[in-house]
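See structure below.
Every chain is named by a letter (A, B and C) in the order it is written, and numbering of its residues begins at 1.
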Amino acid sequence: MNERIAWAREGRRARITLQAGPLNVLGIADIRALTAAIRESESCTVVSIEAAGERAFCAGVEVGDHVPEKAPEMLAAFEEMARAFLSASPAIVCAANAPAMGGGFELLLLADLALCSTRAFFSLPEVQLAALPPIACALLPRAIGTQRAFDAILTGRKIDAQSALAWGLVGSVLAPEDLSATTEALCARLLGFSAVAVRACKRAIRFDDLSLAMHAYRDELLPSRDGAEGIAAFLEKRSPVWAHTLSKGDEYR
Amino acid sequence: MNERIAWAREGRRARITLQAGPLNVLGIADIRALTAAIRESESCTVVSIEAAGERAFCAGVEVGDHVPEKAPEMLAAFEEMARAFLSASPAIVCAANAPAMGGGFELLLLADLALCSTRAFFSLPEVQLAALPPIACALLPRAIGTQRAFDAILTGRKIDAQSALAWGLVGSVLAPEDLSATTEALCARLLGFSAVAVRACKRAIRFDDLSLAMHAYRDELLPSRDGAEGIAAFLEKRSPVWAHTLSKGDEYR
Amino acid sequence: MNERIAWAREGRRARITLQAGPLNVLGIADIRALTAAIRESESCTVVSIEAAGERAFCAGVEVGDHVPEKAPEMLAAFEEMARAFLSASPAIVCAANAPAMGGGFELLLLADLALCSTRAFFSLPEVQLAALPPIACALLPRAIGTQRAFDAILTGRKIDAQSALAWGLVGSVLAPEDLSATTEALCARLLGFSAVAVRACKRAIRFDDLSLAMHAYRDELLPSRDGAEGIAAFLEKRSPVWAHTLSKGDEYR
C-alpha cells in the first residue's frame, strides 16, 4: 500500500508486512495504508500481518500525531482502521516477532488469530503520556477479562509472551526462528477452508448474539455453494471443491 | 424422552443420558428430545447430562441433517434447544467422559457447570465442512475470551482436557473412573440448596446487568419462602427447610 | 466516614480502611460510609481499600440485614455503593490481606486493580442461604469467564489465592508481610499519572464500545491540559507537569 506498509497477494492469501523503520512506528498515512491493505484483501481467505526488523513488531502510533492539532485526524483514521479490521471477511493472522506497544498491541487485538515469539511483549504505555488506547479499552476486557484489562491499561505494565499465552492473547509462543514457519502452517490450514465459511464464522462471533449467529448460518452460509458443498463432500467421502463465493456466484465483495 | 435420550428423575434431581449410538451423534428428533428433557426437569434443582459409551460424549449433530433441505429444520430445533437450556431453572451439570465435538461441545457450553475426564477433548470442526457452530459463536467468547474463541472456531483445533480446565471451560478434570462419583458429589451439593435460589442466581447471571441482578434478588428471591427461610435458619443456627417454591406456594413452573 | 470505615486523604491519594470488627462484616451504615468514602475521593488519582485484622478482609454484609424487612434497604444501599464505585474517577486499588466472602468479594470486584496475600481466598456463600450476590452475578462473568462465574456463584466454593491469580481476579499474590509495600508501590506508580488520564481510561473501558472509547479520548482527554502536556513533555524529553484538571481549569468534580 506504500513502501512502509507492504502488501502482497498470492491466490487467496494476502500478506501485510510492516517495514516502517526500526520500531515500526505508524504515522497517519501508515494507518490509512493498513486500512487500505485490509480492504484490498477482502476476497482472500487469510491475511497475515508480520513486521520487518527485530526491535519491535510495532511501537504504536507516532507520538507527534497525538498533539491536539493532529490527534483528531489520527484518531479518525485509527477508528476507521479498527472498523475495517473488525468487519473484514478474511481470517486475520497477526504474528508478533518482537514487542508490540500501544497501537501495535491494538493491531494484534484487531486480529482474529495471534502468535508471537519469545522476543515479544505487550504493553499499553498511553496512560503515562495522558493518552489512552481506545481499541484496547474496547476489546481487551473481552479478550483477557476485565480485571487484567484494567491492570494493563491503567498501569501500562508489560505483559510478557508467556503471560500473553496464559491469558489467551496469543495462541502460541514460539522461538523467534520458528515463528514464520508456524504462521505459514496456520495460514495454510485456513486456506484449506471455504472463504465463505470463514467469513460467516467471523460474523457469527462478532454478532455476540445467538439469534444473529443462527442467522449467519441459515441465511448467509447455508444458501451458499460452499455451504452445500462442504456437507456433500463429507457425505460422499471426498475432498470439497470450494467456490469461495456466495450463491449468486458473485464474489461477496 | 426417547430410547436414545434417556431421562430419569428422582426427587429434585433429573438425569439425562445420551445413548444414541457409539458416537452419540444427534438427529433432529434427539435434539427435540433433549429440549423436552430439559423442560421436563424444570421443577428440579439439578439436572445432569452424561453419556453412555467411551468413544464420544457427543460427536455433534448428524452431518446429513446439515444438507440445505434439512438444515433449516435442524437449526430451528437446535436454537429452541439452546433457549430451553439457557432459560432453564435447574442447575445444569454436564459431565463429559469422552470427546465432545461440534454440537456436543455446544451442549457442554449450554450447561452451567461442566466437568470432564482425561479422555475428553473439545473441538469445533464445523468450518472444515463450510458449516458453523452458532451456539459456540455466541457463547464461547464469554466463556474463554474472544481470541481463544476465534482460534477454536476458525481453526477447528482440538482443546485437550487440561487446556479446557486452564481456560475455564470445565471446572475439574478427572480420571475416567472418578468422573461419575465427582459428578454425583457436585449434584448432591447443589441439591442441598433451594431450587428458588439456584434459579434466581442463574437468572441474575444471565441478565448480564447490575440492575436486573438486583431485581432478581429483590423481586424474585427475597419475597419467596426460601429467601426468608435461608436467612432465618442461619440466624437461628439451624438447618434450613426449603419449600423450593415461590411465595404464592406454587411451583414456579 | 465513620469509626468502622476509616478514610484518609493525602494529596491525590485516598485510603479507605475497613475496621469493622474481627471479620469486617458490613452493616447498612457501613455500606453507606463506603459509598461516601468513594465519593469523597473523587478528585484523587488513587484510592486504596485495605482492611484491619487478619481474619477476614471482609466477610460480607451482615446476615441480619438480609431478612425480608431489612433487605430492600440494604440492597438499595448496596446498589448505590456499586454505582459509586463503577463511576468513580480515581483508580480503585483493593488489597485483600485475608479472605473476602460474599459482599467482601464483591467489593474486590468493584475495584479496578486488586492484589491479595496468600492468606486470602474468595467465596460467594450466598446461595447456601437462599440469597444471591448481585454484584458478582453482574461482574464476575466478565472478569473470569461465564463458566467459572457460574461455578463460583452456584456452588459457593472457595477460590484460593493462586486460582484468583490464574483466573485474573487479582494481579498479584503476595506474602502477607509484603502486601502493604506492594500496594503502596502500585499506588505510587498510579499517582505519577494524570488524574484526568486515569479517569478517561476508566471511562473508556467501562463504556464497552469502540465509538465511546474513541469519544473518551477525543472529547474528554484530548482537550484537557494534561492531554496536551503528556504528549508535549514526551516530545520535549522532559517530565510532565500535570494539572489533573479538565481544560476549563475546574476540578472535574
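As a convention for this text, a contact is a pair of C-beta atoms (placed from the backbone, for glycine too) under 8 Å apart; a residue touches a chain by one contact, two chains touch by 3 or more.
No experiment lies behind these values; they were computed from the predicted model shown.
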Overall pattern in which the protein chains touch one another (line/ring/star/complete/other) = complete
Superposing rotation of subunit B relative to subunit C, computed on C-alpha atoms, to nearest 5° | 120
How many angstrom lie between the CA centroids of subunit A and subunit C, rounded to a whole number?
-> 32
Sites on subunit A at which at least two other chains make contact | 139, 142, 144-145, 166-167
Would you tell me which residues of subunit C are touching subunit A in their complex?
-> 91, 112-114, 139, 142-145, 166-171, 186, 189-190, 192-194, 196-198, 200-202, 204-205, 207-214, 216-218, 221-224, 226-235, 240, 242
Subunit B - residues contacting subunit A, complex | 63-64, 66-68, 71-72, 75, 78-79, 82-83, 86, 126-132, 134-135, 137-142, 144-151, 153-155, 166-167
